[in-house]
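See the structures that follow.
In the two complexes below, chain A is the common chain; its partner is chain B in one and chain C in the other.
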Partner chain A sequence: MVTIAVLLKQVPDTTARITVSDGRVDETAISTWVTSPYDEYALEVAIQHKEASGASITAITLGPPRADKVLKDAAALGVENLVRVWDDAWESLDSNQVQAALSTILEGVEADWIYCGKQSADRNQGSTGPGVAERLGMACIVEISDWDVTGAQPSFTRATSSGNERLAPTPPIVLTFTKTETELRRPNVRGIMAAKKANIEVVSADIGDAQVQVVAHNPPAQKPEGRKFEGAESVPEVVGLLRDEAKVI
Partner chain B sequence: MTYEGVDFYDIESELTDEEKMVRDMARDWVEAEVVPNIEQACRDGVFPDEWRVALGEMGVLGMALDGYGCAGMSYVAYGLVCQELERGDSGVRSFASVQGSLAMYPIHDFGSEEQKQKYLPKMASGEWVGCFGLTEPDYGSNPGDMITKAVDEGDDYVLNGAKMWITNGTIADVAIVWAKLDGVIRGFIVEKDDPGFSAPEMTGKHSLRASVTSELVFQDCKIPKDRILPHVEGLKGPFSCLNNARYGICWGAVGAAQSCFHSAKEYALSRIQFGNPIAAFQLVQNKLAWMLREITKGQLLALSLGRKKDAGTWTPEQISLAKMNNVDMALEIARMARDIHGANGILDEYPIMRHMANLESVKTYEGTHDIHNLILGRHITGIQSFTREL
Partner chain C sequence: MDITIIAETQDGGLHPVTAQLVGAASSLGASLTVICPGGAGGEEACGISGVGKVLAVTGDCFATFDGGAWAEALDAVAGGDLVIGAAPTSGRDICSRIAARRGVSIIQDVINLSPGLNITHPIYSGKANQDLTVTGNCVLTLRANTFPPAPSGGTAQLSTVQQSGDVRLAVAEAFARASERLDVTDADIIISGGRGMGHPDNFRHLYEVADVIGAAVGASRAAVDTWEEIPHSLQVGQTGKTVNPSLYIAVGISGAIQHLAGMRTSKYIVAINKDPEAPIFKVADYGIVCTWEEAIPVLKEELSKLT
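Our next item is the complex of A and B:
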């Protein structure tokens, strides 16, 4: 049987207001946490692949108990196996530790296809997919924007500087996905009822020591206040500023 | 900014994960499909068929019923869905209410096993649409005097009469029709192709424009004997359906009110007069505070009623109070929101006037505001005021 693992990260809602308090992002002020949008595409491909092949899917997330929601959301869409990796002693993990934790779980899952987003919507590092592939000794294709998982040989398309390339990988392999025009499926009530009964396996892992320490988070600099011009007589001034100051014309 | 709804009293913490997931599912769908398209649907006077399909696929039709393709979720979850649907438009919530509470529920609770197996799965999926025929042209608040009647003619029942103000009537595959058989009110399942049955659409509405409203006409309409609902007699049948529908309304009204409040708040913060956002003025803040107050009370009322329903302890009077109060406050909030929007409030760029017009219907259907007052008056005094001889 084909087995698929999909890596899902819980991130603040992409429209959530982020506040920084004492040099750290104040997570308690974030009202809505969601599945990282790129990971949602990975999940969509995984489900399409399952529908075509009868594969089983294991969704894996790394995070505190609140991250269970991304797994329950995945279960509502038809994912059978749910694993959350966490240790209460963990705080801010560096990329090496994240990859170590996920790789440990993936070694046990023995998935043929490992899907994840090309990067998370909060950290934007893009290191997890390639890093996990490296640790597992697998190849990795990143930023996939189209796919065909209906046949015996799935193929994946990614943009290159000279156009698109379509690739036919041999599993096991790690694939990362970017946003596409594909409409993501929504859960339904029956799926949510099934998710209610789904069991989440919580596991820990040996992740070693962090090499990277967060010194401080800083909010982005405030944008300078806009300037308002009125009347036709201000046109030459506006044009001048756009040309000489903003340098956009 | 993603729509988050009003939650001043942290109702979120009182919901189960599943209830939140179902609420979010409905919210996302409304945001993606209803909000961008509702004004056009209202202009065209149609209930888009793709919404029927989507509601069926989401599994919200009859979602609080057990078995036969229904999910068996809590009534609180169902209420939260009604809230989100009506934030989009009362017509969308009406479709789901009528299908689940008025058409599927009586089959589920009063129907035969064969009837349940035949109708419920297809209605849960949205493949078949249901409607509910109780109100007649001359009998609205006092359905007990209905004149639609059924006659036993051996192998069939023959129905004669007319029903009016029937949501989904023209598009319905199945109508639950209440008629008198030997002077006793009974429920009958009429199918769209039954001889002698027609369901012309009522036109010219200024309210619930994205909802199909119809007459049901029975002219020697012949239906097989196995289409009677075997397990209920009298007004208890339709009234128990209406209780469930009224419950959905009490949540739905909160959704419509939230839509108006959200729009009014956004408008007040962005509209500059006298050099300041109008939200800075005390009179506007007073209105916004009143809206928040009433929405919060309405939410708590709806949640409390839902928990009672799930526990099997609610009373008809509690349902009356919640339906009446929440629609009343929603209508007042719509009017207040229109005021805050100034002249802009009459444009369909904003949801205000649409909700206001819709809520005028919602105030009247499923038991008028005044009838619910009289139900409470009877509860308080022990005196029934609406059937006395003059």
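Our next item is the complex of A and C:
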């Protein structure tokens, strides 16, 4: 049987204001945590793939207990197996540690198709998909913007500098997704009820020592206040400033 | 410290960001080797000041993009305690894999780098920055248009190395881009529209301005989500593209926090909005309180006079 894994990360809602206090982002000030938006597209395609192939899906997240919600939300859409990787001693893991933890779990799942977002909406790194693929000895297609998973041979489209390329890869493979125009499905009542009873397997992993230390978080540098003009008659002056002062045109 | 820089190539030559990678690495006072995937741009790389050695890596795997194969080939020839690449999609893919092959960490989209190794990169799409230190070796990708480029005048030696990797991705079909328009991530000037444009057809006015100055057209999430005619590929912001142009012109964009996250590091920002209280004015160098209908024709005319 085809086996699918999908990697999901819980992040602050993208409309959340991020505040820094004592050199760290204040996570207690974040009221809404959501599934990272790109991961939602990965999940949507994974479910389409499951529907066409009769595969089972394992959703995996790395995070503290609050991250159970992303797994429950996935269960409400029909994901069968839920795994959360965590250890209370973990904090600000570096890429090497994150990939070690996820690879360990993925080796146990033996997935043919591994779906994830192109990057998380909080760290924005884009390292996990290709990094996990390398550790598992798999190919990886990054930033997929279109797909067809309805047939026996799924295909995926990525952007290139001159257009698009469609690839019809052989599993095992890691696939990372960007946001597209596709409408994401919403859970129905039956799904929500089933998700309440869904079991989450919580596991730890050997992740080695940290190689990267966080020194401080800082708010972004504030620009000095700019100049404000009124009306279309000010446009020639602004264009003049762009040419003579900013020297950008 | 030995540093290997992975050159960013385009159209068979060197992408200008490569000189920026060299400029950033030079500040670490190390010996610099530039490796050119597929051999492109080798001669040009030799001419960048501060480069000690250039390796043109030629191999069958470079005919198409397979991050796994490229990483395997490049890692085989790349020495170095530190590997530095550029942060666009392909660079992130290759560098993630090289880090994983070496069992070291990768830090992407670095905006500040100093000996130590001290590293700063944005998190939450630029709503905050993170300062890091690294123990031992690592792999970095650097954000484009952030570090000053190393000047020309280098006289490095060029060697060619044959090295390929195991290709597992085959392209079934390639499609040329329908339009010749610049992508926002490649553009030095961007003009973006928001929901204040009123109707997706009105974006043609932005395209007209863009054509005058060679700009790319972008859009806010509100515009992309409201009008299906505006594709997600135009979206600038936290769930779209992060851009860093010399000039960003925001038209009819209120300046939601997730939009600011994607464009606030632009060198100069012009905002055109009829609402004087719009948050976009807080990050604008030059704000014009005006409807787009009145401002855009004048803007187009004035810019036409320059060219």
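Following the convention adopted for this analysis, the second predicted complex is superposed on the first by the 233 of 249 C-alpha atoms of A that agree within 3 Å, B and C clash if a C-alpha of one lies under 4 Å from a C-alpha of the other, contacts with A are read in each partner's own complex, and residues count from 1 in each chain.
The rule we apply is simple: a residue touches a chain if its C-beta (ideal position, glycine included) is under 8 Å from a C-beta of that chain, and two chains touch if they have at least 3 such contacts.
Just so you know, these numbers come straight off a predicted model, no measurement behind them.
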item: Simultaneous placement of chain C and chain B on chain A, clash or fit; value: fit
item: Computed vertex angle (chain A) for partners chain B and chain C, CA, steps of 10°; value: 120
item: Touched partner set for A:G54, first chain B, second chain C, both or neither; value: neither
item: Chain B versus chain C, judged by how many residues of chain A each one touches; value: C
item: Partner chain in contact with A:T15 - chain B first, chain C second, else both or neither; value: both
item: First (chain B), second (chain C), both or neither touched by A:V189; value: first
item: Chain B versus chain C as contact partner of A:F229, first or second or both or neither; value: second
item: Nearest-approach distance, in Å, of chain C Cα atoms to those of chain B in the combined model; value: 6
item: Contact residues common to both interfaces of chain A (with chain B and with chain C); value: 15-16
item: Residue numbers on chain A that touch chain C, as the complex places them; value: 12, 14-18, 20, 25, 37-38, 94-96, 99, 121-135, 138-143, 145, 155, 159-170, 173, 178-181, 210-220, 223, 225-236, 238-239, 241-243, 246, 248-249
item: Chain A - residues contacting chain B, complex; value: 13, 15-16, 31-32, 69, 72-73, 76, 186-193, 195-196
item: In the complex, chain B residues that touch chain A; value: 1-2, 4, 17-18, 21-22, 25, 28-29, 57-60, 63, 71-73, 77
item: Contacting residues of chain C [partner chain A, same complex]; value: 10, 65-68, 71, 89, 92-94, 96-97, 99-101, 103-109, 118, 122-136, 138, 168-177, 189, 213, 228, 231-233, 235, 238-240, 242, 246-247, 256-258, 264-265, 267-270, 276, 281-290, 294-295, 297-299, 302-303, 306
